[in-house]
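Next come the structures, one after another.
Presented sequentially are two complexes of subunit A, the first with subunit B as partner and the second with subunit C.
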Partner chain A sequence: MTFTDPNTTTLPEDGTVRELGERGTTRGATILRRVFAAKRARVGAILLVIIALWAFVGPLLYPWGFLDQDVRAFGDPPSLNHWFGTNNIGQDIYAQTLVGLQKSLIIGFIVGPAAALIAGIVGAVAGYLGGVWDRIIVWVIDLLLVLPSFYILVLLSPVFRSLSWLALVVFLALFGWMVLARVIRGQTMSLREREYVKAARFMGVSGATIVRRHILPNVASLLIIDATLGIGAAILAESTLSFFGFGVQPPDVSLGTILALGSTSAVTRPWLFVFPAGILVVTVLASSLLGDALRDAIDPTSGATSD
Partner chain B sequence: MIGFIGRRLVNYVFLSAIATALGYLLVSATFQPAARFLGRNPPVPQASIDAALDKLGVNPSVPILERLWEWATHLVTTGSLGISTRGTQVTADIFERAGTSLRLLVIGTVLGAVIGVALGVWGAVRQYKASDQVITYASFTVLATPVFVIGILLMIGATLLNRAVGTNVINFTGEYSAGIQGNFFVILQDRLVHLLLPTITLTIGAVASYSRYQRSAMLDVLSADYIRTARSKGRTRGSALIRHGVRVALIPMSTFFAYSFGLVLTGASITESIFSWHGMGEYLIMSTTNSDVNAAAGTILFTSILVLIAGTLSDVIYAALDPRVRV
Partner chain C sequence: MTEPLLVVDNLSVTFVNGSSRVHAVRGISFEVRRGEFVGIVGESGSGKSVSSMAVLGLLPSSAQVTGDIRFDGQSLLSLNDRELSKIRGNRIGMIFQDPLSALTPVYTVGQQIAEGLRLHDSALSRESAEKRAVELLKIVGIPNAERRARSFPHEFSGGMRQRVMIAIAIANDPDLIIADEPTTALDVTIQAQILEVLQKAKEITGAAVMLITHDLGVVAGNADRVSVMYAGRVVETAPVLELFREPVMPYTIGLLRSVPNMASSRAHRLVPLEGRPPLLTVVPTGCPFAPRCPAALPKCLDGEPPLVPVPGLPDDRLAACVRADEIAAGTLKRSEIFPEPEPVPAEEIVEVARERVLDVVDLKRTYPLTKGTVFRRTVGTVRAVDGVSFTLDRGRTLGLVGESGCGKTTTIMEILELAKPEAGTVKVNGIDTSTLGKSERRALRGDIQMVFQDPMASLDPRMTVEEIIGEPLTVTGTNSREIRRRVETILEVVGLDPSYAQRYPHEFSGGQRQRIGIARALIVEPKILVLDEPVSALDVSVQAGIINLLEDLKLRMGLSYLFVAHDLAVIRHIADDVAVMYLGRIIEYGPADEIFDRPRHPYTQALLSAVPVPDPVVEHTRQRILLTGDLPSPSDQISGCNFRTRCPLYQLLPEDKKRVCEVDDPHERPLDGRLVACHHAEMSALLTSA
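And now, the complex of A and B:
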């Protein structure tokens, strides 16, 4: 069973590494220009920045705190006073959503890059060392893919539930790298045969240094794409786990815990559910639009560079 | 080809066995089955706690490897997965719940794959036209929406519809109405109505991801020489695209099918819990809340067997579609 993950990358596992860069410009500038030529990338990047600013600045500009109770407004629909309405004990949903969004964003922005980093290191080590090590690592990856990550996280939840939300971050990253690692491994196996890697090896440069200096920079584009897409994926995973009570625990709030509370009366008071859900969807959408546009810009085989 | 499938099968069986054993160790180490006896008033004597835990084979004072050995030999010799914390046989629970899960999964997966592939081909053929853009942005939005949000939004919609009509047109709690009486068709109709919302929830997600992959696989194929050859030897555009394009573009999809199976299971377990279907996904979530080691281990075994079947199936499809594998 070969697991290429078209969701995160479209490069083939046999991985011919493609040259980028047009005459007269650096590689980075070319990529940046291509990324932001795509409308999706601009929309995604701008949305992400706005959402992040809103989450962290928004509460400062709003009169209600996320634990404040308005005794004159129990379960009120959205109004000028309470923009997203209130819940049945008079807490402001707008204030709560922003605080939850902060936590979800922090989790996403740590887990996405962390998982990509693990994938990069494991994949590069397996591909570079080859032989027995490669077989062991691939076997472990296959083993971790037998059970869905969500199942593993649910089964492990007694461990991180008793710790802080930071433990959840660690576990989300620990079970989110496997598929990308296989792709990176394929790339590394072809990079290993490149002349400059061979030259470095024959000059006596150590394996760790070669991986760090020559392999990882060459697969960096893939890692950046996956780190971006991983932000959204982590926010989705976190909210789903929290929704079932396996993720972020009170007194901490995240979008998932807010949605869990709101879902019980979602039919009679839709504002408790619909507004946080909408913000969650827009956040994840922004990260996936940006990630997808990055992929189009970096990987010429994926086709579109404009839309 | 038989050899290829056989080798794969042996590999999967081995992986599943190891995964189950590790899973058993994992839940034995993390779950605390004794916790529900503690803090009671009057306090439960240690002897009866031990007796209860020993009966389930989950007493933490027994070394963990010994417990695994007991569990595995019990499974191999008697086919029993032990007793759940509620006193039921885990094997019987699983057989009952697996039927529920499969009824939900099969329809959702098949519908999702068929509609998704069709939409993906459509989008690739009409690249950058309005319909392609609509499909692309719609699937991005669906993929950005957690499964439970889709499910609850559908529930809100159904409730509003029921209210507007005045009767319960769409029932969405459970697999069938409790205590329903009547002939075969009444019961069948009741079950189909209950299937509606969970199936839509599962199908929407599957359609969104399959259409994305199929579109990109199809785009790779569209510019290939053999499509031009097929056209130049006189095939119509439609025939060339279907016979030579879609068939080739389905090859990577068979790998994706195996990979995405875990996501399908995840989606199913969330859907089950939301719509109160007593299936395997709900069993997993319940076993964690109840610290039920045997039920969780049984679910792990069941899931890894499903993943094994999905992997083998995708290899068979791959071999059937790609003649190069058959040598």
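And now, the complex of A and C:
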């Protein structure tokens, strides 16, 4: 129930008109403050930073390289010398886990935002242009959505087995944008009817400029959320593929390949499995926490806003 | 002396949200006597709706309510929700602004009325409740009541739904009907119908009515007594005639002078109320109106003046102003408090050659009506714009008026597309838009610009004022230094401080935002400005400032306006020529004074008579021509004249003359210095004499 009637109300909805002169708190700053007011967001962000630092700085402070073999320690449990133990050919699990984590993080941090970017551009173009273009793009999106992406990646794995892991990044990004693109398209269609977009059209501003200047900034919040949530999803997808041998290929390692090697002896020598698996879980969890908190801060209607 | 029906005593409502407190209503007292029609007027945020919600006990739990509300001797604030529910809907009827959200979509309207009846009278059988529901629908003027009682709310138009709401409100023969902005969402001809029904409902039930509105005209024509609210307080209470004739609170005086009046000529300039209402988050220490009041004295700032009887006036005149006695006695003249703003000095008015800037001939726009999702097929056409022709000369203002759905907005959108129209021609500056190439079209856009209705929605919230206003210049590749210079100049032209350039739209009030919208349209120095309801989203006191600005700019810059509005009083004030639209057609077109003073088309007559005039004397003496029914859908096929279904003149005509209306579609023909699309316009005097 509203107490100010919408036909006559000219004040902002929260009833507080900010005095002119008070400066510096823009919408962006407000959102940031709201994001980090949530405990989840702080935990997620701090965890992600620590994990990333650890993955990239850790190996420099550790005597063993990820391919080095310690001939005096085959399949040893964790010790002061080998923090996470060694595998059956004497390779250090800690070093391998960190290098695998590096690769997984890189893939996640590229694929998540890349998929969001594709989604933003394709969705905004479809929504803004409408008509035939819209129908073609939606048709492509629907087609990609009904194709089981995992199965296609498996089928295509011989192709990118010969290429580097970057090919995997491209494929993961190519199959990760469709749902968001549909959302962005819907948003754009409603934004297109906004008066400021009409105003820009009647000024003679070109379509590409309108999309860049008015549409994308107004759906940016959605894109940021999805890019963050997408990091965790991409890491998980990469690990799954690598686990089954369709993803990152030796000599490169990722968390998935380490898990695959360790899984056979998960019962007898649990350190081969438990440490990489635990780190994978924590990484995905951290990015999801941050993404969730972002979504709640930007779009208060999306779900629980309290911690 | 018996106690009045409703007594509100020192009522305060505070909304607590975390650490912020909004003092929506601060210690107001008023009463409603039995059978009385009380109007409560105020701008948005004045606390008028909150007061009525408090009476009904419908405030959310975040509201802290103090004071006392006594209904028929019973204190309402001490009752719990269950006890209140017995009074609500039974002894107090409610009518809300939005009739769609006030009705449940999954039950028929008959069921909803019957539910209200049986809730408060358990002895009533289902059959008799339904019979009574049909009777009630007949009372509020719903045709085919038996059949319509079995319809769902979405099958009714806005006006019909509001009638249903009135039927529910009067179902249990209440003692008090509270109507909160009951006609704000409706068109004027429908508004006139609803107000008529409300008066009828009041007569039948003998109930008192508390009407909450922002529209002074609605109050003038209906209320017996009026309370004016400002910043959470009642600032003046008076019988309606006295309030409009000799208001004593400067706010009321200013409000009355800021409203464009359809009955008066346009020679007068409107008086804007400068400034904006105070924030409700802080309790004012002095008179809350003092910062905007030209008659404010230093003593106005010590302590808020109470609402007390005005010395030297009858007991029923109350005002909250320390200078009320001076104003009442005439030592402080009302016209001196708010002097009319100076007109534009003659040397600043640019001379314009009489040239045609816009020429629209037989413009048409239809939309196919399709059915089915897999196999789309066209089942009909919506003729949104059906052959519209008009011209606009340099330095003139053409007002395009009509109710919602008549095609005004579609017409201007078709013009602004600057593309080849579906049918007809559009010439801007003598250039036929169907012949334009892409770059020529872009160049022509500099000549025709638009100002939108909603000043919030038309400004991108993520851009600064400078970026917004400068956006049209980016199209022509102007460099940023030049853009900055011109933005600062134009900000001053529209009456804003150039230092505002780096701020964001949400930091401005509605009126300031609309000035930004006007600045954006003017920065490319266009010849034509298309204004789509530019003041309808603003409070009345702010409207006057924008209308004055538009008038000044027209004279100073030699602009031509195509001014679209549903508010006829605004059009009367600003337009040189008027085109009245009905169902995609222009039905009367000519000089504004001619049309407003002597309308010839029956629709124009009805439209003009439906507009409430903020002057109770005029309201009570003039004749109303009420239209029956709603605006037909533009997809309906009506043979002959498309106004025939609602035409009051058609019903008065003898059978032989009706014939031509049924078969022949009237074309615009000249009559009395204007164009009229009616076969029998000569006989339109019948309507006013009948």
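One rule holds in what follows: the second predicted complex is superposed on the first by the 279 of 307 C-alpha atoms of A that agree within 3 Å, B and C clash if a C-alpha of one lies under 4 Å from a C-alpha of the other, contacts with A are read in each partner's own complex, and residues count from 1 in each chain.
One rule holds for everything that comes next: contacts are C-beta pairs under 8 Å (C-beta built on N, C-alpha and C of every residue); 3 or more make two chains touch, one makes a residue touch a chain.
Keep in mind that this is a model prediction, so the values were computed, not measured.
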item	value
First, second, both or neither for A:195, with subunit B first and subunit C second	second
Which superposed partner A:156 touches (first subunit B, second subunit C, both, neither)	first
Residue contacts with subunit A in the superposition, subunit B compared against subunit C	B
Touching partner for A:74 - first (subunit B), second (subunit C), both, neither	neither
First, second, both or neither for A:142, with subunit B first and subunit C second	first
Contacts of A:204 with subunit B and subunit C, given as first, second, both or neither	second
First (subunit B), second (subunit C), both or neither touched by A:214	second
Subunit B and subunit C contact sites that coincide on subunit A, given as residue numbers	1, 3-5, 7, 10
Touch list for subunit B against partner subunit A, complex	8, 12, 15-16, 18-19, 22-23, 26-27, 30-32, 128, 133, 140-141, 143-149, 152-153, 155-156, 159-160, 209, 212-213, 216-217, 219-220, 252, 255-256, 258-259, 262-263, 265-266, 269-270, 273, 284-285, 288-289, 291, 296, 299-300, 303-304, 307, 311, 314-315
Footprint of subunit C on subunit A - complex, ascending	1, 3-5, 7-12, 15-18, 20, 23, 26-27, 194-196, 198-200, 202-205, 209, 213-214, 217-218
Interfacial residue positions of subunit C with respect to subunit A in the complex	15, 20, 22, 24, 43-45, 49-50, 53, 58, 60, 97, 180-181, 184-185, 214, 276, 279-281, 416, 441-442, 445-446, 448-450, 452-455, 457-463, 468, 471-472, 474-475, 500, 503-504, 506-511, 517, 520, 524, 537-539, 542
Subunit B-touching residues of subunit A, taken from the complex the two chains share	1-7, 10, 142-143, 145-152, 154-159, 179, 232, 236, 239-240, 243-246, 259, 263, 266-267, 270, 273-274, 277, 280-282, 284-285, 288-289, 292, 301-304, 307
